[in-house]
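Look for subunit A in each of the two complexes below; its partner is subunit B in the first and subunit C in the second.
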Partner chain A sequence: MVRKGLIDRRTGLFLVVLFAVIVLIPLGNLLLAPGTAGHVPGYLLPLLGKYLCFALLAVSLDLVWGYAGILSLGHGAFFALGGYAMGMHLMREIGDRGVYANPVLPDFMVFLSYEKLPWYWHGFDMFWFACLMVLFVPGLLAFVFGWFAFRSRVTGVYLSIITQALTYALMLAFYRNEMGLGGNNGLTDFRDVLGFSLSDDSTRIALFVLSGLALAFGIILGRFITGSKFGMVLVGVRDAESRTRFLGYRVEHYKLFVFTVSAMLAGLAGALYVPQVGIINPGEFSPANSIEIVIWVALGGRCTLVGAALGALIVAAAKSWLTANFPEAWLFVLGAAFVLVTIFLPRGVIGLLDGLKPGGRHRHALPQAAPEPAE
Partner chain B sequence: MRRLLPLLTLLCLAFGPLPALSQSLEALIRQLPEGSFSDRAEVVAAIAATLDERAVGVLEALGEGDLHQRKADGAILKVTGRGSKARAFDPLTGEELGPVPARSTTAIKVNNALRRAVRSGIATLTLMHRDPTRRLAAANAAFQSADPDQLEALGAALAAEQDASVAEAIAQAQAAALLASDADPALRVEAIETVRARGGRDALAVLTPLRASEVPLIAEAAAAAVAEIERSQAMWARAQNVWFGLSLGSVLLLAAVGLGITFGVMGVINMAHGELIMLGAYTTFVTQELIRGHAPGLFDWSLAIAAPLAFLVAGGIGVAMERGIVRHLYGRPLETLLATWGVSLILQQTVRSVFGPTNREVGNPSWMSGAFQLGEMTVTLNRLTIILFALVVFAGLLVLLRRTPFGLRMRAVTQNRPMAAEMGIRTGWIDAMTFGLGAGVAGLAGVALSQIDNVSPNLGQSYIIDSFLVVVFGGAGNLWGTFAAAFSLGIVNKFLEPVAGAVLAKILVLVFIILFIQKRPRGLFPQRGRAVEA
Partner chain C sequence: MNETQLYLNDVHKSFDGFKAIDGLSLAIARGELRAVVGPNGAGKTTMLDIVTGKTRPDSGRVVWGADTDLTRLDEADCARLGIGRKFQKPTVFETLSVEDNVMLALAGDRGIVAGLRHRRTARQSARIGEVLDIVGLGAERGRLAGALSHGQKQWLEIGMLLAQEPQLLLVDEPAAGMTDHETMRTAELLRTVAGAHSVLVIEHDMDFVRALDCKVTVLNRGSVLAEGSLDHVSANPEVIEVYLGR
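What follows is the complex of A and B.
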């Protein structure tokens, strides 16, 4: 049942459903009259788009955790950095329509009596530059951080803890007003992107479709990387790092590459997330957020990409529903999900589905039991 | 008094028919509105010479311009308020005499010379007060005002003073006043020495302007003294930083030492560690509530009662976690991390549902509140207690691990599980007890932290990252490493804070640890041997 090639059956199925969704939902908004069955109200579009961004973020984490065994507890930081890069562009695009009507300085800078734009804000008035930064800033941070961490062979739990420290340090830094990025309140009050108003349904549809396409791109890119020989080596690193090293592979280069790509995907997710929710603030850096991403991946099923996306969608939808209807129950459910999934569902929902039909295991699948130390 | 009496006598003789000393305070007060300003200054001096404590209020009222004379009968009143709100008081007893009709009184006029006499008089009265603490306060106030007009009062008070520490303060105040006068330079240089010996910010305030003195001898001595005081101030500032650092370090040690056992010794990532600390704090809260309700007399013992309870509550939950969850995940550290994070969310929400999301009030027992002064730095008793408590907990753990049969078995199981099992050690039971021990210590930390931090469901969250960093920085599996890491990070943090600000200092410390881990991935004191790599 193992199929080689870029798209296996499971991924194919997911992509088909995804494309159907990004076609049908906008149609449901545009064609069906409000009130009729199947009509998608405009306010729902950004919410669904947000879920798709989370799914892309989960895919990016699965790429490093599922395939390379790097459990990053700081992926929220890359997501937030991408979001801030996009937020800075949206801030500049407000122009003189802010409360203080300053043509150059965003409102919060006028409020904090900045004289001129800080140097790192230059260029963000250009959309292409902002898009470049969305990928470049998280990528650069991941590259530098990974360069040091992987070269000195910081692995496992230690790596997880310092990635957590990284996002914590960034959170504290972004809370400071002196950072020139809005402090506590972050960046908000966005008006439009590329001239299209963010409150128009047509803009919302475009962002929703873009998020869906980005998710599809992320999954296909992930399949491409993990399906190649490079991907085989990554799995080798995950299961027996020292043995792979002794076979002559530069383990740290493999890890560094996949870590950087993953961070850029996370940044992309953040950039699509910000215009849809309309705010980015330092809370996105909080370590708890990053750990929540891990449960999306674990619940859906590590090392499957599609499973990670599915897990993100399930958890995010459950969160929206529970926090609205049973606010007290949400943390109980999330907590129980962490406990039960790790003990009873080590291969996640996808593993559960695969378990129903014989021979459905994937070739990269995680070892059933804990791997014996190979060295 | 010995010096003051002849002086006053002399004055009396020189200025003719003036109030004799035998006159009563009441009679003297009645003379206040009479005569020229200089005559009235003599009356003020005579009032001060009575050493009657009631006179302080009279002189203060005079200085403020609140002392009035009633036109009808010449009685002296203290009047507060203006216009229709004006009310009269007896200046001696403070007894209220009712409203004052408009223009029925005239204020007793004061000029600057008279105000000086009044200040000097008040200084005399308070410096001669019965109560030594009042005398000390008066001497310190006189030091700060450094008023040459008070020299006589200070000299007299010094001569009469019996208490050594008050006498020293008066002598210093006298020196300060002397420096403000134009006395003989040699005397003033001597006074600089006295003021320097006092040290502190007040002394700097007195000496700093003297560096610009016209007399080179004084300018030189003052400059040297200022430099000396600044040196000692800098030293005390450093000492204060070390103290704050030790205090922060003890908090970190308490928070991290339990992790040093579960993570360091057992290798289990317990993300619910912070919540176990929080449970310890809430146990303290509940204990105090029960004591307040049923046995208020025991309140000072509340922490001593809460500590074992918190150990049992947190330890019990720890044992349950180990048996129910962690046991199934040995050898899969990253999965343990996720499962225990789940437990932490559940514990947090449980506490939030039961006790509400707001901060709960946990009281300080009386023996823990207050502070004492050590040189130039303030030592608060609750911080001191927490440092001692952290050291006691740490020492207790060391003894438990190194000197008891349980510790021996624990080390055997962590070093070589199959071998330990073959020797007849119940490894599962040891695992549960070890995890419970780490959790119980977290509960103890909660008791201490409830004294200095907000007791809210989020309490644990703020410590979890710090505790992991402390354990990783110190080197997992080594309690002394945790000890060294906690105190060094605490002190480094507090030395960075004045330079960089609190938040930036914290960020710098985090970045430093991240870089340090790159250099030494196994911490300050790594465990050596083959077992470590597995």
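What follows is the complex of A and C.
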């Protein structure tokens, strides 16, 4: 059952380009000899795959911020948790090939003289279990957190602050060696996934393509949710929360649902990110990371999904280029871009693109001015 | 005697020591049209907050129908029971179309699953058209609600209230921002709606209240000062003093 209007022109265009990219990039690696124009060197694949993971993360934030008005400043936490779940599997898959050759315990545990595997590491030797946890752990955290926050009607700045506190607290916890998750160093030295070496180009291609497909999935799922009546209720909650309540909608259930789904998407993004960058450490929980996601979404265009993805891709690419060439300029450029876009392009880059087309305004678009709380 | 739809008995509510509602008792019969007047700060809006589950009273009983205690319910519960409310300041979903505003208000399942699976039926479209025609917004169907004039937003919110098909309509100062002509049309509309529904209207505009031609309750300092026909209450010296003769 495909709903009419599930894929609008803008989303369709984005998906077509995305599919072209996930076909052409691998072909550029496999078919074109090194040195010829268009050849994609193997080391670029994980970098591009990482951008796609960021794009999915941005889409997940746009789902809650753009449509439901929940400005989460802690979405990096869900991403990191998904990443850790995958990292734990990759650690277990190293097996006895570690420095200490312990068949069960990862190197850092041997080093810290663990006697046996902590209970929460059990099951992660199975790939399917890790995949389940990639969705379950961020989803559960979002559900429990949202349950309390939304029921107590914490909104606006207060909600943003406690999401920020959430990721900060997790960062501090994950830095501790006692957490049994590698402390400071996090999880790294991964070898392979499902028996395929992570340094093989074929594995890199597979991960890149999977990241692209996950992004497409996230966008289509987001379109499905936001294009439904459910999505309209979310927009109602964003624009006039009490109006929605007085119409009989249980606002907290709506928020909880979309927040949990969003956290799971963020977890999925993290799980695909980790095997491509080869490490996950507590730095991923840092508040600054979560704020950067907000910047991606604002830059690309909030409340459009594909705009969020575009924003992440643009910023991530710019970051790679700038940090390589002008490392000290990066933060200034990011800050300036954010300020300029907020002032001159309130609808983000996508708004600029829409503006080029007649009739480019879209349903559910954000109000010109911030909506006032209804009374 | 008619069945009672809503019954408030000796309700109290204070905010930081200020008694906004102070021993308020009121009964609305099923199908009744009732006007509530009173000076600014009399507690009219607070009364609606209490009836719709937004504010919990400190003491007193608020009963729906035969024996449902409204003081334990929240806004969504009260709405689902059949209480619809129009805010004092018009509140519509500005970034949705006029049509979608009414669609969200249409009576029906409010659950998440229903929301995800929902598909607009021909009957719903027709019903939306009907409602919009009643409130005179038939031509604005596809426009963004945020682009409507103040008066049109008032009408849209009234339309949403009708689409909700509640048993009791609580209407807070509907005439604000409307032309005289529109005000009279609103009064007429509310009179048509009453009978099949109970309607409680809060209003300042005396011409409007006269046009409603119904029982009037005068509220002052959180309790009922007088009740009866408009002529009856306007002859009451206390009412003249606190309200009419300002």
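Convention: the second predicted complex is superposed on the first by the 369 of 375 C-alpha atoms of A that agree within 3 Å, B and C clash if a C-alpha of one lies under 4 Å from a C-alpha of the other, contacts with A are read in each partner's own complex, and residues count from 1 in each chain.
As a working rule, contacts are C-beta pairs under 8 Å (C-beta built on N, C-alpha and C of every residue); 3 or more make two chains touch, one makes a residue touch a chain.
For clarity, every value in this text was computed on a predicted model and none was experimentally measured.
Superimposing the complexes on subunit A yields a three-chain arrangement in which subunit B and subunit C fit side by side. Once the two complexes are overlaid on the shared chain, A:Y249 sits against subunit C while remaining clear of subunit B. When the two structures are aligned on the shared chain, A:F257 is found in touch with subunit C, with no touch to subunit B.
In the superposed model, A:V157 makes contact with subunit B only, not with subunit C.
Legend: residue contacts after superposition of the two complexes on their common chain; A:L334 is shown touching subunit B, with no touch to subunit C. When the two structures are aligned on the shared chain, A:L63 is found in touch with neither subunit B nor subunit C. The wider contact with subunit A, measured as residues touched, comes from B rather than the other of subunit B and subunit C.
Using the contact criterion defined above for the overlaid structures, shared-chain residue A:V235 touches subunit C, although it does not reach subunit B.
Looking at the shared chain after the overlay, A:A142 reaches neither subunit B nor subunit C. By the touch criterion defined above, A:I295 reaches subunit B but does not reach subunit C. In the superposition on chain A, no contact is made by A:L207 with either subunit B or subunit C. With chain A used as the common frame, subunit B approaches subunit C to a shortest CA-CA distance of 8 Å.
Put simply, subunit A uses residues 375 to touch subunit B in one complex and subunit C in the other. Residues 71, 148-149, 151-158, 160-162, 164-166, 168-169, 172-173, 175-176, 287-288, 291, 294-295, 298, 328, 330-332, 334-339, 341-343, 346, 370, 373, 375 of subunit A are the ones that touch subunit B when the two sit in their complex. Within the complex formed with subunit A, the residues of subunit B that make contact are 269, 271, 325, 328-329, 331-339, 341-346, 348-350, 352-353, 461, 465, 468-469, 472, 503-504, 506-507, 510-511, 513-515, 517-519, 521, 533-534. If you check the complex, the residues on subunit C that touch subunit A are 52, 54, 74-76, 79-80, 84-85, 87-89, 91-97, 100, 103-105, 110, 112, 114-119, 146, 160, 164. By the touch criterion stated above, subunit A contacts subunit C in their complex at residues 3, 224-225, 228-230, 232-233, 235-236, 239-240, 242-251, 253-254, 257, 363-367, 371, 374-375.
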